[in-house]
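Structure, as structure tokens:
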Amino acid sequence: MLFHVEMVVKLPPDMPTEQVADIKAREKAYSQELQRQGKWRHLWRVAGSYANVSIFDVNDNDELQEIISGLPLFPYMDIQVKPLCRHPSSIREDDS
Amino acid sequence: MLFHVEMVVKLPPDMPTEQVADIKAREKAYSQELQRQGKWRHLWRVAGSYANVSIFDVNDNDELQEIISGLPLFPYMDIQVKPLCRHPSSIREDDS
Amino acid sequence: MLFHVEMVVKLPPDMPTEQVADIKAREKAYSQELQRQGKWRHLWRVAGSYANVSIFDVNDNDELQEIISGLPLFPYMDIQVKPLCRHPSSIREDDS
Amino acid sequence: MLFHVEMVVKLPPDMPTEQVADIKAREKAYSQELQRQGKWRHLWRVAGSYANVSIFDVNDNDELQEIISGLPLFPYMDIQVKPLCRHPSSIREDDS
Amino acid sequence: MLFHVEMVVKLPPDMPTEQVADIKAREKAYSQELQRQGKWRHLWRVAGSYANVSIFDVNDNDELQEIISGLPLFPYMDIQVKPLCRHPSSIREDDS
Amino acid sequence: MLFHVEMVVKLPPDMPTEQVADIKAREKAYSQELQRQGKWRHLWRVAGSYANVSIFDVNDNDELQEIISGLPLFPYMDIQVKPLCRHPSSIREDDS
Amino acid sequence: MLFHVEMVVKLPPDMPTEQVADIKAREKAYSQELQRQGKWRHLWRVAGSYANVSIFDVNDNDELQEIISGLPLFPYMDIQVKPLCRHPSSIREDDS
Amino acid sequence: MLFHVEMVVKLPPDMPTEQVADIKAREKAYSQELQRQGKWRHLWRVAGSYANVSIFDVNDNDELQEIISGLPLFPYMDIQVKPLCRHPSSIREDDS
Amino acid sequence: MLFHVEMVVKLPPDMPTEQVADIKAREKAYSQELQRQGKWRHLWRVAGSYANVSIFDVNDNDELQEIISGLPLFPYMDIQVKPLCRHPSSIREDDS
Amino acid sequence: MLFHVEMVVKLPPDMPTEQVADIKAREKAYSQELQRQGKWRHLWRVAGSYANVSIFDVNDNDELQEIISGLPLFPYMDIQVKPLCRHPSSIREDDS
């Protein structure tokens, strides 16, 4: 089941450099593990911003919550979720 | 080059039924032709709405404008465009 | 799987009285059938408005889309969808 | 009498870990006691967020204010309240 | 139990003059009857607008809904409702 | 002359407890003195919030500014002002 | 007593040309009469728009309401009102 | 050439009292000097707020920027600018 | 003197095709004449929309108003105006 | 390929003066280097603000992201990006 998630990162300007580096490294590892599992199906940067658009493929709402609330950057992001479903005009097998 | 486009359809409530059917049929054909060409890479319905999220893969901004302004439903949609680029944490070949 | 849906009805002021009565009757029948099936789990009026808050219990996003887009009032409503999941502090069996 | 309440939690990023743990534990106990009393009738997490949707069943506006302003997380939440009433299409005994 | 209600009137510009006069006359009669009953406790015009601020004193949310949805101008107004309760600093007997 | 004023209190989360208590005590005394003078005609809590709705009866805009800018909580509040006047449908002597 | 009023004109696109001309002529006459009386103290066009910024000098809120609701264009404008008072740094005699 | 400028002051709540007093004194002197030069033509307080509405009479956009960015309170204000021009219905010599 | 203007075109969906063609032809001629005069310095389409971003070079606010209010599409556009001035980091001769 | 970018600078009020001077100097050098390369085609100050409007000429979305995320002021700005393309009414060679 697919979900469209937009994340805008807002780190406090006074967060120490090492803490920023650490949290970003953990975010990257977490994200890549979920991509390998097929749970985080797409991940794009929005050009000109510190934001991304992502497509998640999860079993249900509970798994979505578990994944998103586990993001190392979760406390520092504005996050918007939209449930997706198959579009009647889509011809791609994997758009659902 | 990828663009993220959200389209919300707002047909006038007094549009005749046949005109609605005709415009939707033309929109579907137009969309599927672009999907076959690889220009319209993804197309999802936002669940619980008359809206979609799409990913376009075009040569440049001019081609994006040509495609979107040619949509049969173009005069009846609210449309938001975001340029996308590769995310440094993405591991997928086709996320750019 | 639960979804929280808010619907605000905006009928065109010039819709004929009989058409309004007909569409409302069909909406009521549709809603009550889904309540009997257990798909439409809760339905409340927001006091002082022509709006409701609903909780749907569906198999997945596709079923949610099918139900909502089938509402007789669908073309005349502003609709907002939020996916719900179990709250760690909930003690009710049926809050998920 | 039912009220629909949405709460979005915004803890200051520099709140010490123990203080966060303490305030969350007190919030959980407070919430579960009210659930047992039947005052806090439903409690759901909004998937992909640090927010909840709740249904309260109280005697009047004063009791609603007493309950909400007593929440341990009250100073750290954006809260929206909507009064609910019976929907003419509802078939459930307990939707009012 | 008190509720704060703001109403902004938006009549369609092409509504016939007699219909406007009729609906306003019925709105006035309806409002004054409720004021006499003590249900509509205050009614003020917002200066420089076609809007009012009202305080209702009703038994519960259901009565509020019944009164507001019965307003002759109901289909032509944007309406916002806020539940009120006694303020701990108020010294007036009738502020609750 | 009447004014409708909404005040939403936003105290900094790190304000020391004694300072909070002191500022609230001064706010209460200030408010009650103005209520006794008849300047602050109504004061209600908005249920489920740290906000109030007030009706002021002042000589002119200058007096309104003097009263509101003198509130001990003034630097910590979002404040919205609407001038009120007599509504043609009001039957109450004191609604103006 | 001064009030700051912004008016944005939104004429229905299908209003007949003569009706537009008539309503504008009456608006102009009405406005100039009030300027001659000193009630409408300033009137500026916002460049690049069909909107104005005005300063009214009236006895009280009731007179403001009487003047604004009497504008021939009143049903076709979005109007925002702000009460003004003397600024402590102003050195002009007529800024209050 | 006239410009309409609204300024809302938002001082950090932890700014030391002397610094506040100093910045306000410099703002007042700066403002009064520009009023004497005829550059800052009107200055009003918005009643019930820490905000003002101002009319500037400058040679061009560059001078406007020079004046506004030189305000001692500039870093602590939300500022909105609208270019003004003569209104065809104005009868005042100095409304342009 | 430069102004930044964004225009979003919203033609009524029931405007006859010939009227649309006529108004667009007049808009194009009007725009190109002003470009030739150097008054309309830049004109870009916002990709994926029926909107443009323009830079005007005019003598003053009055000329800006004269040009914009004379646009054949003026009654059908949402228009936002920002005054521009030289940026201290610009190295281009013609950025002012 | 052209992009329209608006940047609003929001420096923390407690940033030390030297740090502000340093970051602004680096921003200026960075901006002027890109202007010399022809990547940053226009740069204007929005009069009365700490904001700019810029036109970038880049190869693709990735280069836009690289340039913008490299701005020394990037963590302190609200940034909005719009893709531009040739307007059918433009007569200028360099508006694309």
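Here the chain labels run A, B, C, D, E, F, G, H, I and J in written order, and each chain numbers its own residues starting at 1.
Basically, a contact is a pair of C-beta atoms (placed from the backbone, for glycine too) under 8 Å apart; a residue touches a chain by one contact, two chains touch by 3 or more.
Computed from a predicted structure; not experimentally measured.
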item: Chains touching both chain C and chain F; value: D, E
item: Which listed pair, A-C, B-C or G-H, duplicates the contacts of F-H in over half of its pairs; value: B-C
item: Between G-H and A-C, the pair joined by more C-beta contacts; value: G-H
item: Rounded Å distance, chain A centre to chain F centre (Cα mean); value: 44
item: Euclidean distance of C-alpha centroids - chain C vs chain E, Å; value: 27
item: Inter-chain centre distance, chain E versus chain H - centres from mean C-alpha coordinates, in Å; value: 39
item: Touching two or more other chains - residues of chain D; value: 2-3, 45, 47-48, 61-62, 64-65, 81-86, 96
item: Pairs of chains, among all present, that meet the touch criterion; value: A-B, A-C, A-D, A-J, B-C, B-I, B-J, C-D, C-E, D-E, D-F, E-F, E-G, F-G, F-H, G-H, G-I, H-I, H-J, I-J
item: Chain D residues touching chain E - in the complex, by the definition given at the top; value: 1-3, 60-62, 64-65, 81-86, 96
item: Complex contact set, residues of chain G against chain H; value: 2, 4, 27-28, 31-32, 35-36, 42-48, 52-53, 82-92, 95-96
item: Complex interface listing, chain E residues touching chain G; value: 11, 13-14, 45, 47-50
item: Partner chain B, residues of chain C touching it in the complex; value: 3, 5, 12, 15, 61-62, 64-65, 68-69, 74-76, 79, 81
